[in-house]
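Dropping the structure in here first, questions after.
Chain IDs A, B, C and D follow the sequence of writing; residue 1 opens each chain.
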Amino acid sequence: MIIVMKAGATRQDRDEVLERIKELGYQPHVIHGTTRDVIGAIGDERGKLILHSLESMHGVENIVPILKPYKLASREMKRETTLIRLSDTVAIGGDEIIVMAGPCSVESEEQILECALAVKAAGAQVLRGGAFKPRTSPYSFQGMEEEGLKLLAKARELTGLPVVTEVINPETAELVAEYADILQIGARNSQNFALLKKVGQLKRPVLLKRGMAMSIQEFLMSAEYILSEGNQQVILCERGIRTFETATRNTLDLSAIPVLRGMTHLPVIADPSHGTGNYHYVAPMAYAAVAAGADGLMIEVHPDPERATSDGPQSLKPSKFASMMTTLRKFADAADRRL
Amino acid sequence: MIIVMKAGATRQDRDEVLERIKELGYQPHVIHGTTRDVIGAIGDERGKLILHSLESMHGVENIVPILKPYKLASREMKRETTLIRLSDTVAIGGDEIIVMAGPCSVESEEQILECALAVKAAGAQVLRGGAFKPRTSPYSFQGMEEEGLKLLAKARELTGLPVVTEVINPETAELVAEYADILQIGARNSQNFALLKKVGQLKRPVLLKRGMAMSIQEFLMSAEYILSEGNQQVILCERGIRTFETATRNTLDLSAIPVLRGMTHLPVIADPSHGTGNYHYVAPMAYAAVAAGADGLMIEVHPDPERATSDGPQSLKPSKFASMMTTLRKFADAADRRL
Amino acid sequence: MIIVMKAGATRQDRDEVLERIKELGYQPHVIHGTTRDVIGAIGDERGKLILHSLESMHGVENIVPILKPYKLASREMKRETTLIRLSDTVAIGGDEIIVMAGPCSVESEEQILECALAVKAAGAQVLRGGAFKPRTSPYSFQGMEEEGLKLLAKARELTGLPVVTEVINPETAELVAEYADILQIGARNSQNFALLKKVGQLKRPVLLKRGMAMSIQEFLMSAEYILSEGNQQVILCERGIRTFETATRNTLDLSAIPVLRGMTHLPVIADPSHGTGNYHYVAPMAYAAVAAGADGLMIEVHPDPERATSDGPQSLKPSKFASMMTTLRKFADAADRRL
Amino acid sequence: MIIVMKAGATRQDRDEVLERIKELGYQPHVIHGTTRDVIGAIGDERGKLILHSLESMHGVENIVPILKPYKLASREMKRETTLIRLSDTVAIGGDEIIVMAGPCSVESEEQILECALAVKAAGAQVLRGGAFKPRTSPYSFQGMEEEGLKLLAKARELTGLPVVTEVINPETAELVAEYADILQIGARNSQNFALLKKVGQLKRPVLLKRGMAMSIQEFLMSAEYILSEGNQQVILCERGIRTFETATRNTLDLSAIPVLRGMTHLPVIADPSHGTGNYHYVAPMAYAAVAAGADGLMIEVHPDPERATSDGPQSLKPSKFASMMTTLRKFADAADRRL
């Protein structure tokens, strides 16, 4: 932490700050500038957030954090990208681009099985599908719940594809973990710390979506919640942030991919379906995500988007998805990756 | 819903859309424009979100929602502002401006009792204090939990002030409701629908904070979750949204107050402490919130902000709070309200 | 400037940074932290932006600016708020709240004279009105140009009110200055540096609006452009920033008022008409701005908003404006100001 | 335009709206909904913005625009992408990906010639370099002005590369057009309508950057200003929007590329240097832009970024640029384009 003193701060102001820094267990170091003093506080990293309280002291202009408040998630902690096994044959974080595809919501046995077969045929390695749905409106379809989980398990049996599905409540997390291969934390729950701690205690890979107003640093702090509970298998998913632009549902922040690549050893994927909200833009943004260095993609596919109970406008039909996968292979090649 | 057809859409495109609207139970009405057709879908309001799926049909340019997707929260449903009783003597939503004050976190018996006495003496009508703390970092202080709740109850006994404290998990919601007079849903849980449903089933007023990336309409949809479970006592709290500006912790969106006033019958308060993140700005923004029409305020007060375990930089010392309350009375008068 | 080295930076990396700092004329000062070094660069403030180029050096994590890059605009430079004379009887920056009111655009002699008389009668001290209009669409009304300026002068003659109007081009700035008492720089031109320099050379007070994506610091840098050309009469105007919220046209950032109050000696006003884009919200936000500490307001008033060529939806009718002014006086009193 | 009436609007309210629509030259068409009426206004597109003024009428809830307010820029106007010639051998908008590279600012003859040779050798087809620099701070280097233009012309002579450079003022636009092959309008001037009109009257291709808070629709409206003055050669450049995220200088909105592709016939490029502000992220985001469908790129290259007078941290060294170009070719291939 760097404590910046005001230009007009007195010697006494400064001495009280130095005293307080020592009291908190850090060693102060003063730089006398031409117009003001600047104080570095040296010592153990993780507790340093407490130094923010100095901002209310007399003569203090502001506090500048130097160190990142996450540790287990950082690339300084672990140089090589973490490889996470999703099934006997599928792992993410290596050379292979992993595509997770399927409907927004599980709606019926026919729908999910048809979809699972179609995405597998096109080359997807993971099946997605929501059984518990967090919906903005209480009047919208809330998911098939446990019955949906059973249908996902059936689809896995049929196709061999591991399954990713969302967890929305600590109370039902274990139930979901009985059926799912990967537990998804949605954007709206990305700072639901009770839920993060819960999935941190389960033995399943977690796919953590970035919140709509979440900085990249906060994203890693949320991952840190899961890691610090003992679960090292966290996949980060960029799915669009909220900005002033309304031509797309969200603004897919693809630069988060190289930024995260530098900051963390965790694998990173992108979700162009939620990121754009419009099926026309899904394929180009999927290509772009792979070009930017993503380890995988999450794509919504629905056999009949016009009749989907949720997110129809951003879902690809199976035929469009298959054609996207064909082109995607070329971009994976260009990126020296496999698909 | 209005379905806007593309300029080049064919008659067949249009007919298929008309068909699909009827299939979903709505009555279509076509307006033939100079360059394109526009179709209104007439019928029951709440299910209309399903019409969004038409956006993936051929020839459809986009879907424009006309009706607001909330109902119980709307002022059309109930003209007069809802008055919510917080204790035998305190109610919010009427003429009186209600000030909820206290520390960010309950830290010790001494701290919370001292604080409760101080804020009461200055004129606050409700005591705030966090026992379960949702913190961005897993390494930050997470609250005193049940012990904190007991100390809040003690402070209420001592002062007679009703108590507001945060609920962060459906599992502990009932525990919190045993101690608290008002259940707070924090910004990060504002779309934690499992939690919203849970507090909707409890018999306690709920103070719902706006999420950092939450539109005003989504804010009312979250309130609708609580209302539709049977709990009609919801207080809305504007606490700042996330924008590009970094001079303040968040951007306190005071225009949300008159906007909400027009849209909903629920009382609305503002939290200038979280909204600005800096104690220098708390008093002017508190005055501004009352001038804009707020029914109340939530203010962080701490006897020793430099030693606060959380949010020290935005906490007022009791003396500053008392002086703020004196000036606030003048603004309440100007607004034809009481304090 | 603080240069933060990477955790793994070598001694050679550090020495090269130290060398480069000296080469640029600054004196380096190293703090050896537990995991990395941090280097302060001491010396003259204003040139320090050049130190940002060190960010591309090997071993450098990032550069943290300590000092604010504006000087003439800062309160450290000048303690008391600048009082700017707008006419023989009107000055802004003192006790009096200054209200600038009038139509978005000058549309006809009748309209501007009627409006000028009405706003004067209600207590406004300055007449606003656009003659050169910066419009998003080339197909929208672009203003009456010089003829509009003449009508504004006529309205001033009639009422004695000084006139504020927008300058949109360095080429026509002098023409506008012949007629106007205050030169307005609109939000879209807030970083049109050629225009800022030009009005910095003229002898007229300048009303500088904040850009839609402009940080408060950048706002002061734009003011600094005008000040550094020799014109010390700059009035800052908060008029809303662009955020994700669409219920209002912009998000009026009232916290900018106390923030600017601390950072600069320049007077600060608010424009709730553009800030909200909806006449229903203008009065409450005007009250809030004064409560937050604004030195003045800019309000759009139109005799017939339904027929206005621009910004009708956010314009008050003269009767509503008069009633707003009556209530505003109470808030000015509460703020210990005059109106 | 769709005029949505309030649920409680009276028949008289509605009749007055109908009257006013006719008065403005449009034909009203009423849809009677279950809870409210909705009125379509049929007639000529471009003047419809005037209908916004109806929002202040009694009984009107809000106005929903149906038609896009740009026309010349729209793909409905012209189906095939516009091909713009930049020199005898270079054109943008066809199969070839066009890379514009060079320093942020022209600093000296040696620097610009060295840079021009290097970027040409690596395969860039256009040289960029700033002579007039719009800088946030008046104390930063403002460019070499005409001398810089002469050096750019010299570099063109030496290499044969056409030159793109920024215009910041209508007064000097013609001077720049004497030297430059492409006139750049920077993000801060993207709604400087006087400048847009001026370059619309010149006979040079214009590279228009998106403003930091500019919606895609407004971006096309700014292009429309240039087109409607008679200059049909406009290249759109996505260069990052301002969001809450601070890990990158801006948020490069790559989804704008497919969105613009659908809306307009104008070629679209991306500037990952300004978009990210950090040379580490330039190459991945350049690849991503091409994968998303960009027609070209603008990249900052500097022989000695640590000594650059501006934007050093985001500039590539020539060797890194050359290596980026090698990989870029693979992505161009994958996108069925040439480089």
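Heads up, the rule we're going with is that a contact is a pair of C-beta atoms (placed from the backbone, for glycine too) under 8 Å apart; a residue touches a chain by one contact, two chains touch by 3 or more.
Nothing here was measured: the structure is a model prediction, and the numbers come from that model.
**Student:** What's the fewest number of moves from chain B to chain C, given that each move must go to a chain touching the current one?
**Tutor:** Between chain B and chain C, the shortest chain-hopping route counts 1.
**Student:** Could you quickly compare B-D and C-D and let me know which has more C-beta contacts?
**Tutor:** C-D
**Student:** As a quick test, compute the distance in whole Å between the mean CA positions of chain B and chain D.
**Tutor:** The separation of the two C-alpha centroids amounts to 38 Å.
**Student:** Between chain A and chain D, what is the gap in Å from one C-alpha centre to the other?
**Tutor:** Taking the average C-alpha coordinate of chain A and of chain D, the gap between them is 30 Å.
**Student:** Could you give the separation in Å between the centres of chain C and chain D, each centre being the mean of its C-alpha atoms?
**Tutor:** Roughly 26 Å, centre to centre.
**Student:** So which bits of chain B are touching at least two other chains?
**Tutor:** Correct list: 213, 241-244, 246.
**Student:** Of all residues in chain B, which touch chain D in the complex?
**Tutor:** 2, 4, 7-8, 29, 31-36, 38, 40, 42-45, 64, 66-67, 76, 242-244, 246
**Student:** Flag every residue of chain B that touches chain A in the complex, lowest number first.
**Tutor:** Those in contact with chain A are residues 20, 46-47, 49-50, 52-57, 63, 69-70, 134-140, 168-171, 188-189, 191-195, 197, 211-213, 218, 221, 224-225, 228, 241-242, 278-279, 305-309, 312-313, 315.
**Student:** Mind listing the chain A positions that touch chain D in their complex?
**Tutor:** Touching chain D: residues 213, 215-217, 241, 243-248, 251-259, 262, 275-276, 280-281, 284-285, 287-293, 327, 330-331, 333-335 of chain A.
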